[in-house]
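By written order: A, B, C, D and E. Residues from 1 in each chain.
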């Protein structure tokens, strides 16, 4: 059997006395589009933070492409190919759109190269610009390339954040509520773009989403978290009819 | 990039406009003498006193027809008792006003900082009261009209042992001041040579206001004299706090004490303390008495040592220029170096081969809230 | 041994003074996460207010004039504290400006106060009139003055009073509530801005008293006298755990004693080094201070 | 009693509420439902004054309160119990309650008695630090604190969040009691739709910042649309 | 290398050298003005060094005077006591202050925001008090008689190199990375950036520049003493940076020049009014304070910074 691209084994995260994640275990196959749903405070974003390394788990291990990354710092995980976006947009707001993209490309030449205007510096900067422009064009952001990121309309900023994540050339992309705040049409077109990209970049995507229509329509598989535990896993249809999920969302009927 | 160039152009135009204001303006009708003093800040009473003395002397010189047929004019600059400011101001005196000669500074540390500048421009610097030995070692353009700390310290030590019968000395010195450090070491050297013992040496930094910790330590080693080579602000507080801690030992200091501020701060605590200085208005010689009365007339107060030194210094400088017949640096310097038996109100001034003046030390005792003449110690 | 106790008494007086100033730092930090650099200068202003009033009084050392000097110093620094908060910080605070801007404003206000002081009073130090004539007492081989006793006792009394205000009164309760959760306090109808002014007023009043105390204790004042005690008091607040009022008090006394012991047994020139070494040590290894509660860093 | 007229609310440039109008009638419990991010909390914040709408008006008892400061709204009788309880953990239970009575100082004694009759458990814990209470007790304290200002309109944000099911039932029981016995109008925001609709008289459903459905509680209970708003499909 | 760069690399030093000949001749050009111009250059380097760590990287430092002191003292010690030539002494100063920056950088980077600011303040004061207690460095009275090696040429060449390096970094990937750390540290990490490494680098680089300024200063004034590197000096450096516009590099350079020029301009203006003239130093600082308040409250982006978009 092929090794899954991401394997999370028995992760437990605790903040003070509060258990944010409890024995969470799942894996993601290469090329999959996995959705994570669950009510407020279920631990979805904490799960992302744990996978990217911003939060270290109390127990459990995380494997990426078969490699144990549990104790790697976040920037190394990013270099291995795990990219993410944030629930409340974390763009570099005073940098231009193009620079936001270039940032994710690492440092392809020695740091002193620009001091002496070395040829390698000019060559690599040119290459970076070219690939940044290509990416911007894909996301229809090219006309904005010289603008400060914070001056973009909200929808464009959302797309820029995804584009920036892709500039890392990730293998695994974690999207935290990509359609939040977008109108229905915008949400659908964004998801269509993502679908295209997934093919183009041979990406694996994990998605936290509240917009159920998006989740149901695009995800191949869903995981439902509640109180930090996985309470259901399956296809969208299975999840939609799972009584535990309904209960988590709508509340306990039986007790009234 | 274009914006940068425009901005820097604008900037330099502004600079240019501001700086063209600094060009030479006046014809050299008068002889200009630069004076640099701490007129404000920590040690301002020194500066103010010297200024009074210098200005009194200036009046007299100009009343008698000036020097070389020209009036003498003072360019007095304030350095705020700060080294940095002093450097800037002296540079201005040297390069913008192009004075042939500078009187100042009062404080050893500041004089040491500006002396190299004067030496570099070969403009004589005559300090009325910087007593630290290193000052005149800076170079052959640096003079002083007062004694040096080696003499002052050893004279004070002699006084402590011979007149006050002290055997165990505590020292509390200001580590921020060259004057204080030099004086303390000169005192300690002689004190030990003469059979005394320095039982405790403590330090403070100018600007401190609480000395109880150091005084408590000194008190514990039970000295019969405490030598405090500092400047008046801290000295006043030290005297006061020492007496509050029930320290009974004699307190002794140098010319840094010579300011009414000591009495003002320490009040009754200062009673019975001794300090050495350059001058006492109570001396009987007619020259001194005349100076005292003229000074009183003009300023309505008794002159202190610094005023007297300021007075002497300007007089001495004018006489040297007269003898040189020119304001040219080299010649004036040579004449200054030749000064012999110049009769000043602070005693006869003879400039020695190290460009220092050899003069007696006057010891004053504070009695009934006033400094009174106690004894004089010859070099 | 008596030397040691003598030094402890010397340190205690400064400890009390640091503690009084530190309380102002810590309270303001608790509410608006601002290091109010101007606080040391409020302390200086208090000393000068006392000085001016004392100059005007005919009978300087009578009890009513002593009380008047202290009261006027308190009133003036309270007024100044409120003014600083109103004109300097409030608009930025309301706009939720970056904390860096607030910090720079604090530095600027500090510069402003110092130089206004310098323009009015000049840089040369001034003697503070002895409104309380000093008397020495001896207890065995330990001697102390009535002024030391007054400084230590009144700083303790003030601290107890402050603790009562903060723990027992309505305004104190509201202060703690705003410090803990400012938005929630507003939702309960608590007027946050008034509470903020009140906090500045309290801290400044204490600093003003501390100013007069230092003025009587040393007895010398100058417009830059607030800088170093201000920084030291701030170190005390950090040492005690910034945001914690009992911490600030404890930190003040610990620093006062530590400084005295270092000057007594090592060298007085290392005294200032100590404060800053403590500062760095606490920041790196004990970020919540002696009494502060650890707060996890937010992502 | 409370009327929102076509309000638009933004967080920076993100629009959270779109032309929202709704009305809460005197004496009723109104349940505002919707999935995460639908704008429920935002609505409450606009009513309590934490957010100012860019467009539209808010009326309370026929007075335009759109731009009133928060404290003034509390004085007029609007009190919010925010999400996550937000009790002052370093203060005692008693101090929390006293702070709640900031705007009704004269009535504090009387109101405390009322609170104790409603939540006897709080009386036993008066001197305890609020941070050491259990989650359910904290929720009670939070509600009790809000009641200290004698609100005419109580805004409850997710009172069931993070509580065990049995406690949730208790809390909702109290909410109903407050409404019935004290005559306080209540606007409750809940994810737990079934629970909320059990006690509510009327309700509304928010989606993407828009009110897409309004009706009596019984009507809403059986609507497929409610379910789909949560789970899509 | 492009032709434009070659022209700059050869042209700038050559023209500086030419100007130097003219400007350093006291019979042609007033040494008083030269003094001001040189100090302007030194302060410009200082302001840029501060901007690099605080404006660009977003790590607020209020201890910049400490690094300056290390550069000034270390180079002065070598030239004064061991007669080392100027260039090696400057290199030594650069290396030593860079090491200091590195050492300060590592632990203080655990701290953020105002805690970091306070720690740098503590560091600056520790350097100052440590020097106070080192008799071989002259203790409280400072080092005097340092040979005067700095000149218009060396100061402005250093400034040119500083600006060149900083601007080159700023517009290339390393600079972008530092800016991203200022904007959002966590997002930078998620972009694969080793935030700690870059912060330490920025601290080291900034400290080296401040040390360079210190070395030039020591060999211009021929005197260094601990009071020249007090907390107030650090504040003055911040003022230069804020005034010029944080994060722009050239803004602070101009800011540094203006702040140096200001007291001299004020001196000329105030000479007419004896009362104000007597208080010129306080008037100057008062003016600074008001300027600072004005800029923070009304124009936080400084003279040259770009206004941020609302949002």
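One rule holds in what follows: a contact is a pair of C-beta atoms (placed from the backbone, for glycine too) under 8 Å apart; a residue touches a chain by one contact, two chains touch by 3 or more.
Just so it is clear, the model here is predicted, and its values are computed rather than measured.
The chains in contact with chain B and with chain E alike are C.
Taking A-D and C-D together, the pair of chains sharing more C-beta contacts is A-D. Inter-chain spacing, taken between the CA centroids of chain A and chain B, is 74 Å.
The distance from the centre of chain C to the centre of chain D, with each centre set as the mean of the Cα atoms, comes to 42 Å.
Averaged C-alpha coordinates put the centre of chain B at 38 Å from the centre of chain C.
Look at where the CA atoms of chain C average out and do the same for chain E: the two points lie 32 Å apart. Residue positions of chain C touching 2 or more other chains: 267, 269, 299. Listed for chain A are residues 54, each touching two or more other chains. Shown for chain E are the residues in touch with two or more other chains, namely 132, 140, 186, 281, 311. Listed in rising order, the residues of chain C touching chain D in the complex are 170, 173-174, 176-177, 180-181, 183-191.
In the complex of the two chains, the chain B residues touching chain C come out as 40-42, 44-45, 80-81, 175, 202-205, 209-210, 212-214, 216-217, 220, 233, 236-237, 240, 243-246, 261, 264-265, 267.
Residues of chain D touching chain C in their complex: 48-50, 70-71, 74-75, 79-80, 82, 86, 88-91, 95, 98-100, 102-103, 145-146, 149. Across the complex, chain E meets chain C through its residues 60, 107-108, 110-115, 117-119, 121-123, 125-126, 129-130, 132-133, 140, 186, 231, 235, 238, 242, 279, 281-283, 285-286, 288-290, 292-293, 296-297, 300. Per the touch definition, chain C reaches chain B in the complex via residues 3, 6-7, 10-11, 14, 122-125, 127, 130, 134, 136, 138, 143, 145, 147, 214, 217-220, 225, 260, 263-264, 267-269.
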